[in-house]
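Right after this note come the structures.
Shared between the two complexes below is chain A, which pairs with chain B and chain C, respectively.
Now for the complex of A and B:
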């Protein structure tokens, strides 16, 4: 008769098993949910830090080459969360200059992209008396069209930039005079989809829509403080010698803040950009 | 009984193992995810750090090159020429280095390119940055309005001894263009006496004073004297000297050789290696220039005697008097003599021919470089 007694479970055994199973299941579910929250939070934090760090690298890199001087300040409009400026795009030398063309020597051309009008303009260096720096100047000239392949008078490869060079300027140009190109850009904080972003657009290219650079940011997530040589706030573009850039980012979605609370995580970075091309004493 | 017991054991498998494995998987995934995120963050941070170090190295290279401008090497480069300096790799324990290339763009302007690199222990490049700085020679601004600028009384042999016409020194054409605006043969604030013949045209300038001879725009006589490449005293007969050519190389100018004031001559008997060497020569006291030749800028704090057919190419500034010795000599460029309250400069036998090119070449040849006053700096990549 013993085999009949070992078959099946008693009610007590079943209840105990169910309770144990429920406890284990609950633990597993909590563990999985916690794991998911932690993973999401880590992912959001990583993205946030990467975004803020990118901002602290990109913005200074874009603003570092700004200058001022007789050819005008590169800082065109200074705002607390926006800036319009001449972004330096290329450096080279003009192996020849005519009334309609600036010929850039390819071997000494350093550019993010080929310059072209009307997006870009040229700064042409006028040396004047070689023995004196007092009459040196940069002349701003518009580029009137797309560049084309050309050659320097010595036969080396070159890039022809169509432009109009006034006779008075032409008379002052020397062979292999330094040349820079720039593009008028705007960088600002803007709101889209309920979130704040840092974006930029090319003003000189006629771009109406701002393109996102990084984000999401806080409502005060892009802050610019313009400083003079003494480190005090500067009101005039010609007085600016450095810019404090502050980036304040937030996560794209709320993340766990402990005790079951969910909220947007924040992070920030500040970088001081010394304007390398501000006038020298 | 034995069979029944065996069946019970087979039925007691449970879910402990499954739960344990599941828990291990979850914990493992958790740890791996954390590690991956941390690693990603660390790599991102390190890349930023390496890029920053390479950038700082590039900046250091450009700044160091300009601050310690090698006049003898860079100023001797032909227009369009370039030179690359030996890599400097002593920064941050050798993991950060820079290489500098200097291009001469025009007579006065240069492009200094400095590539900074951050390498790992095996020498693999982790980050590179290239910085460019446009620089120009910071030449002293001499106030030259006469072939001879005299701050005191002078005695000339004849009017022909001083010529304000802008001419290239013999043998310097065509690289040294002439035909620029002429200056007055003599600019003076005192009496000009001539031993024979008519008195040459004199630009009378009562404002001519001490600063004409001691202040040269952004620099001064004292500053230039302090940075002079050659110091001279007593009696000198300068002649150029070159180091013998190495295997497969060209001869180089021996700038350390005593009495080497550069080579103004061309052709047979000249020292081509020193043609591009135009030093600043400073005499703290009196100087007796007894024959020989030289070029550059000659600064004499005391009196200067020119004799033995000595020839100098470039501006000569003398705070005392100038006297001709036996055999006299010739200055191609400009002669500025401050003079003294008592006594006059005796220039009979010394020819002074104005040459704007010789002056400019000397001033540029011995000048240090400075970044452009505006828009000199650029991040090339």
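Now for the complex of A and C:
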């Protein structure tokens, strides 16, 4: 009789075991769920910080080579959350310039990609009076087609850019004139799918739709402040010497903010870029 | 003897729970460490951005005077987020060395980072 009684559990034992299992199970599930929420919040935070930091690096890098003022007005449209500008794509030296061709010395060519019309245009440096910097200018010339391999007058390798140089300009070109190529780009804040993004498009390539660069951002997530030489707000493009870029990002989804609250996390960075080709005193 | 083998003793259950507890605490601990590192990364990024902004400002100031770099001077400033920046200007021939030291709160104390560059003054 005695061994028989120990074979099973009484109802009370079973109930106590079940209740204990439920309590322990509940604690474990809560811990795991909290841990999962935290992991998710961490990955969202990491993505947010990466996105904001990328914006604070990318935008100044894109705007750094702009020139303003008389010697090359690269700042075309200044908006508080949009900017249209001549994005520099190549720098070189023209070893020869004819009425139909600009010959770029290959050894001194530094390019983001191979220049070509009609997407890219040329800025050709005109010296004018060598004794004065005030009459120097950058002449805008359209590139009429794809570049081809050529050679400089001294026989070294070169890239021929097809263009049309007016006779008046041709007369002012100096030997080994600096050349910059550019395409007109627009960067702006835009809304898509209920979220705000920073996007860009090539105006000179005829792109109608804006391509996303980074996001999601806040509704004021891309802010540009144009500053003059003294650091005061500049109203005219020719006065702009540096640009303050503010990127305010949000996480893609609400994340745990402690105590069971869920909300979008935010992060922001402000970068300043001095325009390297802006005139100096 | 036979009866004792049928289940777990209280001691065995306690040891099992202790081992489980240690595991869970370690899991939460590593998660908290990751959270702290993400926060530290954020603060470092903000501090470095402050230093970068100062360098760009000094670059701008360097070209607004004739001769160039004449108006540059060292200084210090406080920024939001408990970040303080100190910058030094050391003329060195045709170039000028710029050094920005940022101090910012980190987990238990303060972190210090230095950004240095040289700018042309001709």
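The criterion applied here is as follows: the second predicted complex is superposed on the first by the 270 of 281 C-alpha atoms of A that agree within 3 Å, B and C clash if a C-alpha of one lies under 4 Å from a C-alpha of the other, contacts with A are read in each partner's own complex, and residues count from 1 in each chain.
Assume a residue touches a chain if its C-beta (ideal position, glycine included) is under 8 Å from a C-beta of that chain, and two chains touch if they have at least 3 such contacts.
Computed from a predicted structure; not experimentally measured.
Residue contacts after overlaying the shared chain place A:206 against neither chain B nor chain C.
In the superposition on chain A, A:49 makes contact with both chain B and chain C.
Judged by the touch definition given at the top, the superposed model places A:241 against chain C, while chain B stays out of reach.
Shared-chain residue A:229: touches chain C; no touch with chain B. The wider contact with chain A, measured as residues touched, comes from B rather than the other of chain B and chain C.
Residue contacts after overlaying the shared chain place A:31 against chain B and chain C alike. Of the two partner chains placed by the overlay, only chain C lies in contact with A:269; chain B stays clear of it.
Of the two partner chains, neither chain B nor chain C is touched by A:258. Judged by the touch definition given at the top, the superposed model places A:127 against chain B, while chain C stays out of reach. Of the two partner chains placed by superposition, only chain B is touched by A:110; chain C is not.
The residues of chain A shared by its contacts with chain B and with chain C are 3, 6, 28, 31, 35, 38-39, 42, 45-46, 49, 53, 280. Chain C makes touch with chain A in their complex at residues 2-3, 6, 24, 27-28, 31, 34-35, 38, 41-42, 45-46, 49, 52-53, 56-57, 59-60, 63-66, 68.
On chain B, the positions that touch chain A within their shared complex are 1, 4, 7-8, 15, 19, 22-23, 26, 29-30, 33-34, 37, 40-41, 44-45, 48, 51, 79-80, 103, 105-109, 111, 130, 132, 134, 136-139, 141, 217-218, 359-360, 363-364, 370-381. Touching chain C in their complex are the following residues of chain A: 3, 6, 28, 31, 35, 38-39, 42, 45-46, 49, 53, 56, 229-231, 241-242, 267, 269-274, 280-281. Listing the residues of chain A that touch chain B in their complex gives 2-3, 6, 21, 24, 28, 31-32, 35, 38-39, 42-43, 45-46, 49-50, 53, 57, 61, 64-65, 67-71, 88, 91, 93, 108, 110, 123, 125, 127, 130-134, 136, 138, 174-178, 180, 276-277, 279-280.
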